[in-house]
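Two complexes come next, and they have one chain in common, subunit A, joined by subunit B in the first and subunit C in the second.
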Partner chain A sequence: MSRLIVPVKKIFILLLLLALSFSALWIFFSAPAAAERIGDHYISINGSEMGAANIVTAVLGGFRGLDTLGEVTILFLSTTGIGLILSMGGQYFRWLQFRPHAVLTAAIPYLFTAIVFYGVYIIVHGHLSPGGGFQGGAVIATGFMLLFFTDSDHMIKKKAIYISESLSGLSFVILGVLGLVLAGSFLMNFLPHSVRDTGRLLSAGTLPLLSLFIGIKVGAELSGLAQSLIGRKEHKEVDK
Partner chain B sequence: MMDYFNSEAALTHLMMAGILSLVVIGLYGILTRKNLIKIFLSLGVVETAVNILIVALPYRKGGVAPILTGQGMEGFLDPVPQALVLTSIVIGLAITALGLVMAVKFYQHEGHLNIRKMNGLKR
Partner chain C sequence: MMIYFSMLVLFILMNVTALMMIKEKSLFSAVAALSFIGLLASVVFFLLGAPDVALTEAAMGSGLTSLVFVVAIRNTRSQVEDINE
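Right after this comes the complex of A and B.
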C-alpha cells in the first residue's frame, strides 16, 4: 500500500481559510455606504479648526491626536521591551556577522546627510504635503541604520536616545494639556491657524510642532531599535 | 467584456482578490509553518492585507488624496482610514520587532525555533 502523498490536512486548511476570508471580505465590501461619514465632517471643519493643507495629518495630529499618543506609547513600550529582552542574560553581542560592501562604505558619509535632511523635510512639511512625523522619523532612522551597518563602532549613546524620546513625548503631552487649558479640549489647536495661511510653512497652529515631536520620537526610537538589534561589535563569549 | 474592466466593480473585485490571496497566504503560513520566524513573517503578510483592506474600502473611482492644493475639495477621499492605517503600520512594526527579538532570545537558549518542540512548560 503506497503512502498517501496528497497533504489532505493542508489542503483542508487552505480551503477552509479561503471560504472564511472570502465570506468576511464579501460582508465588508457589500456593506452599504454610510450616508454621513466622520471623514467628511473632518474635511468640512478642517478649515475652521486646523487650517492644514494635508487633512490626513490634521486627523492624525489634531482630531485623532489621542490615538497617536497611544500609538507612540505602544512604540515606546515595544522598544523598551526589546532593550530589556536583549540585555537579559548578558549575551548581548553582534548578531549580524558581515563586512559592509565598499559601495555602501564609500557612499554613506555623503548619503547620511542627504537622508537625514530629507527626513527633516518630510517632518517639517507634514501639514502641507504627504508626510509627517512617522514617515520622516522612519527616514531618519534609515539613515542611522545604514550608518550602523557601515561602521559598527559608530554608536549613539543610549542616554541621548532616551533623553530625546522622553523630551519629545513629554512635549507632545504638554501641548495636549495646553490645548485642554487654553482652548477647552485635549490637543486642541490653540495657536493661530487661519485659513488664509493654509499652504504656508508656518500655518495650522500646533500641527507642525506635533509632527516635529512625533518625528523626533519615532526617529530616536527606531534608531535605538536598529542599534540594539545590530548589537555591539565585540563578542562576549558565553560560558558553556 | 471591456465594459466590465472599465467598471468600478472590476476594481472592487481586483482588490478583493488581492486582499483575499494575501490573507490566505499569511494565515496558511501561520497555521502550517513550524519555524517561529516564518510565523512572524506570515503575520506580517496578514497585517499588510488588513492595511490594504482598510485603505481600499472607502475608495471611489476618481477619488483624490485629501490634500488641499487649491483645486477645491472635489472627490476627496475619507482621511480617517488613511490616518488609522498609518497608526496600524507603526504598531505592526513594533509588534513584529518585539516578536523577532523574542525568537532570537529563544534560539540562544534552546538552539532551535521549532514550535512543535516548544513544550518547556509541560515538562
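Right after this comes the complex of A and C.
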C-alpha cells in the first residue's frame, strides 16, 4: 500500500509544480502592453478629475478610494482582534516593566510634539507632498508609542479612541455617498477642483478631506493598538 | 553615479545588519537590528523615488513592528537560558 502512495504523492507534486510554472509563464506573457496600462490613464485624467499635485494620493484617495476603504476596514478588524485576544488572555500578559532610559524620558516632551506635528503636516499636505492619511496616521501612532514607553500609566481614554475612529470612518463613507448622489459615482470628487488651484492647500476637491479622515482613523487605531500592548492599566492583575 | 554608490553602501550595510541580527544572542538587540534594517530600507525607497512608501516603512517597519516584537519577546520564555532579561 505504501509503495503505491509514494509515487502518487510525487506525481501530484510534479503536477502542482508544472501548473505553477505554467501559470507564471501565462501571467508573464499575457501582461498588458505598456500602451494600455491603467497608470498612464490615471495620470492623464488627474488634471480634469482630481487636480492633485501628488498623483499617488489622487489614486489612493480618489480613483481607488474604495480599495482604501477596504484597507482601513482590514486595519480596524485586525486591531479589534488584537484587543480581543489581549483582553481574553489578560491574566497571562506581562506588560513591559523595564525602566525607560533617561535620554528618552528627557527628550519625549519635546519629541512628542514634533512627531505629532509632523504627522499632522503629512496628513494635511497629503494631496501636495509625498504622504497622505495612512503615513501621517502611522507617524502620529509612533509618537504615542514613544509616550507610552516612557510612562506606561499614561492613557488615552478608550472612548475618545472609539469615537474619533468611528466618526472618521463614517465621514469617509458619507463623503463617498455624497459623491454618488452629487456626481454620479461612489467617492467621486464633487467639490471644486480646478487645475488652476493645483498646489494650493485648498485644492483637489474632496482629497484633503478624505486623507484627513483616513489619517484620524489610522492614527486612532494604531495608537489604541500601542496602548493595548504597552499600557499598564489595561492589565491590572498581572505579573505576580 | 552618486545614487548608485550610496545604494551600494546601503545594500552592504543592510546585509551586515541582517547578519548581525541573525548572530545576535540577545533577542532585544536582534529587534533593534531589525528596526535599523527597516530604517535603511526606507532610505532605499526614498532613493528609488518612492517617498510615500519610505514614510510608511519608516513608521511601520522600524517603529510599530519592533513594538510588537518586543511585547512578544517579553511574553514568551526562552527554552535555552533566560537571555531575554
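As a working rule, the second predicted complex is superposed on the first by the 192 of 240 C-alpha atoms of A that agree within 3 Å, B and C clash if a C-alpha of one lies under 4 Å from a C-alpha of the other, contacts with A are read in each partner's own complex, and residues count from 1 in each chain.
The definition used in the following text is that contacts are C-beta pairs under 8 Å (C-beta built on N, C-alpha and C of every residue); 3 or more make two chains touch, one makes a residue touch a chain.
Every value quoted in this text rests on a predicted model; they were computed, and no experiment measured them.
Chemist: For A:Val56, using the defined touch cut-off, is the partner it touches subunit B, subunit C, both, or neither? Pick first, second, both or neither.
Modeler: both
Chemist: Now for A:Ser223: first (subunit B), second (subunit C), both, or neither, which partner does it touch?
Modeler: So A:Ser223 meets neither subunit B nor subunit C here.
Chemist: In the three-chain superposition, say which chain, subunit B or subunit C, touches more residues of subunit A.
Modeler: On the superposition, B touches more of the residues of subunit A.
Chemist: In the overlaid three-chain picture, which partner chain does A:Ile122 touch, first (subunit B) or second (subunit C), both, or neither?
Modeler: It touches subunit C, and subunit B stays clear.
Chemist: First (subunit B), second (subunit C), both or neither: which does A:Gly131 touch?
Modeler: A:Gly131 sits against subunit C, while subunit B stays out of touch.
Chemist: Would you sort A:Asn189 into first (subunit B), second (subunit C), both or neither based on which partner it touches?
Modeler: neither
Chemist: Tell me the contact category for A:Leu18 with respect to subunit B and subunit C: first, second, both or neither.
Modeler: After superposing on A, A:Leu18 lies in contact with subunit B but is clear of subunit C.
Chemist: Classify the contacts of A:Ile85 with the two partner chains as first (subunit B alone), second (subunit C alone), both, or neither.
Modeler: Only subunit B is touched by A:Ile85; subunit C is not.
Chemist: Which parts of subunit A are touched by subunit B and by subunit C alike?
Modeler: 56, 130, 132, 134, 225, 229
Chemist: Name, in rising order, each residue of subunit A that touches subunit C in their complex.
Modeler: Residues 56, 92-94, 96, 122, 130-132, 134-135, 138-139, 141-142, 145, 222, 225-226, 229-230 of subunit A touch subunit C in their complex.
Chemist: What part of subunit B is in contact with subunit A in the complex they form?
Modeler: 12, 16, 19-20, 23-24, 27-28, 31-32, 53, 57-58, 65-70, 73, 76-84, 86-87, 90-91, 94-95, 97-98, 101-102, 104-105, 108-109
Chemist: In the complex, go through subunit C and note every residue touching subunit A.
Modeler: It is residues 51-52, 54-56, 59-60, 63-64, 67-68, 70-71, 74-75 of subunit C that touch subunit A.
Chemist: For subunit A, which residues are in contact with subunit B within the complex?
Modeler: Within the complex, subunit A contacts subunit B at residues 10, 13-14, 17-18, 21-22, 25-26, 28-29, 37-40, 42-43, 53-56, 58-60, 64, 67-68, 71, 74-75, 77-79, 81-82, 85-86, 88-89, 91, 95, 129-130, 132, 134, 198-199, 218, 225, 229.
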